[in-house]
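For reference, the structures are reproduced in the following blocks.
Same chain, two partners: chain A is paired with chain B first, then with chain C.
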Partner chain A sequence: MFDELKKLIKSESYFFLITPAFIWQVAFLVLPVLFIIILSLSSSQGLDLVRNYTLHNFSEVMSMSHVRIVMRSIMLASCTAIASLLLAYPVAYFLALYIKRYKFFFLFLLSVPFLINVLVQVYAWFFILEKNGLFNQVLFFLGLIKKPVNFLNSSFAVYLVMFHVYLPFMIMPLYSSLEKIDIKLIEASYDLGSSFRKTLLHIILPLSMPGIRVGFFLVYVVSFGEYVIPSLLGGMKLFFVGTLISEYFFIGKDWHLGAAFICLSWGMLFLSAMMYHWIFNKIMVQSKIIR
Partner chain B sequence: MKLKINKYLLPLYVLSFCLFLYLPIMILMMYSFNEGGFPAEWQGLSLRWYYDLFESVEIWRAFKNSLIVAVGSACLSLSMGLMLVCGAKQLKKNIVFFFFSNILIPDIVIAVGMLSLFSYFMVPLGLITLVIGHTLLGLGFTIPVLKSRLDELDYRLVEASYDLGASSLYTFRYVILPFLYPAIVVSALMVLIVSFDDFVIAFFCSGSSAQTLSLYVFTMIRLGISPTVNALSTIMLLVSSFFILAISILQARLANYE
Partner chain C sequence: MKSIKLENVTKKFGSDLILNNFNLEIPSGKFFALLGPSGCGKTTVLRMIAGFEEPDQGTVFLGDVDISHLPINQRRVNTVFQNYALFPHFDVFDNIAYSLRIKKIPSIEVNRRVEKMLKLFGLENLKHKSVHQISGGQQQRVAIARAIINEPDVLLLDEPLAALDLRLRERVLVELIELQEELGMTFIYVTHDQTEALTVADQMAIMGKDGRIEQVGTPKEIYEFPKSTMVAQFVGSTNILNGTLELERDNLYLRIDHANLVLVPMTGNWKELLDQKKVFLSIRPEKIELSKTPLMGFSNHVIGTVSAIIYHGRSTQYNIALANGSVMQVFEQNEEHFPKETIDYDDLVHIYWQKENSVLLKK
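Coming up: the complex of A and B.
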């Protein structure tokens, strides 16, 4: 009896090995997400949180002001992702294909900002953007402004710092896909007489497309729900998705509306991500036709 | 002429890129050594904010909480990740993808979901709920790192160990574990950094009793600029860049072994 049990445990050992992590994942990731969906479809009564299934929350959330906030977050995420893609690509190219020496040093230099506390980075920007900060001093020195401008609590500050914080997120996927390119292909392209521009467009860019996709969608999705930067730099009036969610859950205490808003905003995020996916595919097809 | 531009343009661009990435942090560090209270004016070098920092009881308490949470979630996610990766190897199915969602789902959704679920089941918020949340984040980091390392293991070594009569535990201890060792250290350091840096999950799931270092920094920033926060940020920066240096050295060594 005991031997058989032992045998069973041994032959099915993978089951016991994978269970804890799976249970953890289901209990603390899948269930909470499902619970948000349940919350969005119900209303509370007294102390009972889940009672009376309705669609009322959604009809309330589907207003113009909410949709405008979601659109604002989509705009912010798009700008962050596109700008960081364009500006990080040359750096990833430099790391993967250009330098031979000091590569380790540069890799370290560019991976430090990736893991620095976001709060510290936001706090550091205070010193540049505040009234007597560096930015104002430089603009004053150049004669562009007469008196100090407060850059804090504006959408400009939010856009700038978002871009700064999410740049390093873009470099690593781009670097790892550029690194994998067989250098012989590039050499062959040069040997056959094509210019740098042609090689870039027809060899390097198409081969690094997986990295571009991963980097773009990573930055796009993660920056969409950003909470810290808008709440510290956006001021009281400028709401984004992340700040409005925390408003619902902390200050308004209306969890059902908050949950409905999460569902609405992530639905719109999904649609816009599909749109970008479609655009990427279109670009891929186009570039093949040109070749 | 054109060649010359190509030669110098790219390194120059990368340098200015790095400058842009590091400029705010440099200024922050500089002001932590400022004698004056209001940070806009430079009044000479001093370490007085560091003395303030080490004397503050609140910061030490927050640091202790952060340390407990970070070490706890690192241990938990590492052990569960190791078990899962080994189990998945035996199962020969790619179930690891299930855990990529931990990084892809924005942490505010995870945080809000856990907050509402915990309060629905009347679980008191505190350090334990925080460890739960950070372990979840940690699984998303440890499992891909461990899996990619385990995939490189020559499976004949394991088979040889079994053929020579070793038990599965013995094989794990003397064949698999030494091979995974660098990856284990890398992922443990990553979880430590992620847990120390996380703000959103701590903000929603820690309740009022457990204040972590990130929460402390957030409340201080809300109150305005204070040089003590500069000193604290400088120390946090130095510690995490030291960790990152260790990670990159280990990873470079891993790449060289192949």
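Coming up: the complex of A and C.
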């Protein structure tokens, strides 16, 4: 198979297949990234870029308060990704391995959130979380609160809605990797004397690891830079990476500091993602060791 | 080493009745083959013994113990799956060691027993290879080693040769027979391939399309003395003649058409069949003698014309059309490069067989 792949790459006639994607990536990913890096290393006078590259912007951005905002986004992204992983795994598991009839109906139900604009979803939460909203009424009815609480403009609201919006992004890759597992492997595990817990740990978990990784990083990276939910539900004072960037670019109009902050958040995102990558590798190694 | 007994087992999938009041006894320490056409429910029988399915009614016994509803992982029964179901994220060694490690057997003991298995199956050099890197035949050995390392009472083999090519299949069959003799374990081999079943089995059972056992016996009993036309036709090839029985001066005849009477053996339940409207006679194609000139010393003789000649290499199959329209198959060994008598299309030929070599059947 490897040889065939080599042959395929060698034969230039196939190269045109990747050119559209290549041009797209260069135009909308590589060039903007280069632009941001140039911005972060320069300053401007009026509308002109000063070609005098310094690390001045970075020294200004590297403050405790900025790092704290990035850490807050890392925390938000981690919690969203981990919580949705924990909740999505059993759902995807039962859908992929147990449900035989109406599978496509359930898959359709799970993809309904994709059909609804995030803004609409967020505004729906407004009605649930506001002072006279459903949430307050239920808590009041249960006697857990005496006075209505304002859940809006809090990190609680941000975490809750992030989790809700990103859950489907986790289920889909998990489902597709769990569905690929040959049911005979699970039967073989039981046949060889294994319990459900050990089969889950030593067979199903490592075999679904590709889906876990894809789902986790998809949710992690996207929710790290999330702008809409924190800005609508987090209130004016609670800054996350996405909201601070927009502050620099559209309100403060200091593109150079904004670009430097973007570079800082990239670096920290990369480091934290590497950490999770390492953790997944460790889990993979551990799950192969049967104790 | 234990026997298996299924007693009055009924199994439904939705509204499909797969097994109805099914009974089967599998002797301990034998190589037992369960043979049947696809979709006859033989795999369901196997899955019930393994524990993947539970009977709706009836009982499955392992030895004297009722295991009908015992969880899979508590049965001392292991399976070799059709496509082996090797764990793709484990190497050869870890696959074979899996059941021992699950049982928390100390690693020194695990190593000793896995090494023994690797040696038995000639896999020593492959122990740290991924299961994707080894050939189909090697994968199959790993699957068998993984299943027997825990020394189960019964080993189930679910069409284990389906994924192998013909040459390899013949070799593995011999190896399986040797392995079973060495271990003395009860092997249950499920297949739809009659050659495989005849080759490996000490005892075999034929399952019909309706999920019933048609016949149980040794391969020789099944082949030479089938109890129904289904068995006769499913195991090997055969010619089925039908007609009514006539008793004349202590001889029993089958009237196959108005002109032809055929002598049949007076064995088994022939008396019950006397007043039947239609009875059947099975004659194996290799038990028939074919000649262009009349021969002496045979109890039966019919005449026909050659309608097809199919060359198989070691033998040639002739299809002979009889006067009543039915066609008989005859196998002739190709003993010589230049046979004295060549038989060609449309030749008028004589067909001879001894009555003892035919079997009278009720259905």
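Here, the second predicted complex is superposed on the first by the 263 of 291 C-alpha atoms of A that agree within 3 Å, B and C clash if a C-alpha of one lies under 4 Å from a C-alpha of the other, contacts with A are read in each partner's own complex, and residues count from 1 in each chain.
Everything that follows uses one rule, which is that contacts are C-beta pairs under 8 Å (C-beta built on N, C-alpha and C of every residue); 3 or more make two chains touch, one makes a residue touch a chain.
Values in this document were obtained by computation on a predicted structure and should not be read as measured data.
**Q** So if we stack both complexes on chain A, do chain B and chain C clash, or do they fit?
**A** Fit.
**Q** If you tally the residues of chain A touched by each partner, is the higher count for chain B or for chain C?
**A** With both complexes superposed on chain A, more residues of chain A are touched by B.
**Q** In the overlaid three-chain picture, which partner chain does A:182 touch, first (chain B) or second (chain C), both, or neither?
**A** So A:182 only meets chain C here.
**Q** Looking at A:244 after the superposition, I want to know if it touches chain B, chain C, both of them or none. Which is it: first, second, both, neither?
**A** So A:244 meets neither chain B nor chain C here.
**Q** In the superposed arrangement, which partner chain does A:203 touch: chain B (first), chain C (second), both, or neither?
**A** second
**Q** With the two structures laid over each other on chain A, which partner does A:192 touch: chain B (first), chain C (second), both, or neither?
**A** Touch status of A:192: second partner only.
**Q** Please work out how little space separates the C-alpha atoms of chain B and chain C at their nearest point after superposition, in whole Å.
**A** 11
**Q** Looking at chain A, which of its residues have contacts with both chain B and chain C?
**A** Shared contact residues on chain A (touching chain B in one complex, chain C in the other): none at all.
**Q** Quick check on the complex: what are the chain A residues that touch chain C?
**A** Residue list for chain A touching chain C: 182, 184-185, 187-195, 198, 203, 206-207, 288, 290-291.
**Q** Which residues of chain B touch chain A in their complex?
**A** Within the complex, chain B contacts chain A at residues 6, 10-11, 13-14, 17-18, 20-25, 27-28, 31, 39-40, 80-81, 83-84, 86-88, 90-91, 95, 98-99, 101-102, 104-110, 112-117, 119-120, 132-133, 135-136, 139, 143, 168, 190, 193-194, 196-197, 199-200, 203-204, 214, 217-218, 221-222, 225, 229, 233, 236-237, 240-241, 243-245, 248, 252.
**Q** List the residues on chain C that touch chain A in their complex, please.
**A** For chain C paired with chain A, touching residues are 50-52, 71-74, 77-79, 81-83, 85, 87-90, 94, 98-99, 101-104, 146-147, 150.
**Q** Give the list of chain A residues in touch with chain B in this complex.
**A** Touch residues, chain A against chain B: 10, 13-18, 20-22, 24-25, 28-29, 31-33, 35-36, 39, 49-50, 87, 90-91, 93-94, 98, 104, 106-113, 115-128, 130, 132-134, 164, 167-168, 196, 218, 221-222, 224-228, 232, 242, 245-246, 249, 255, 258-259, 262, 266.
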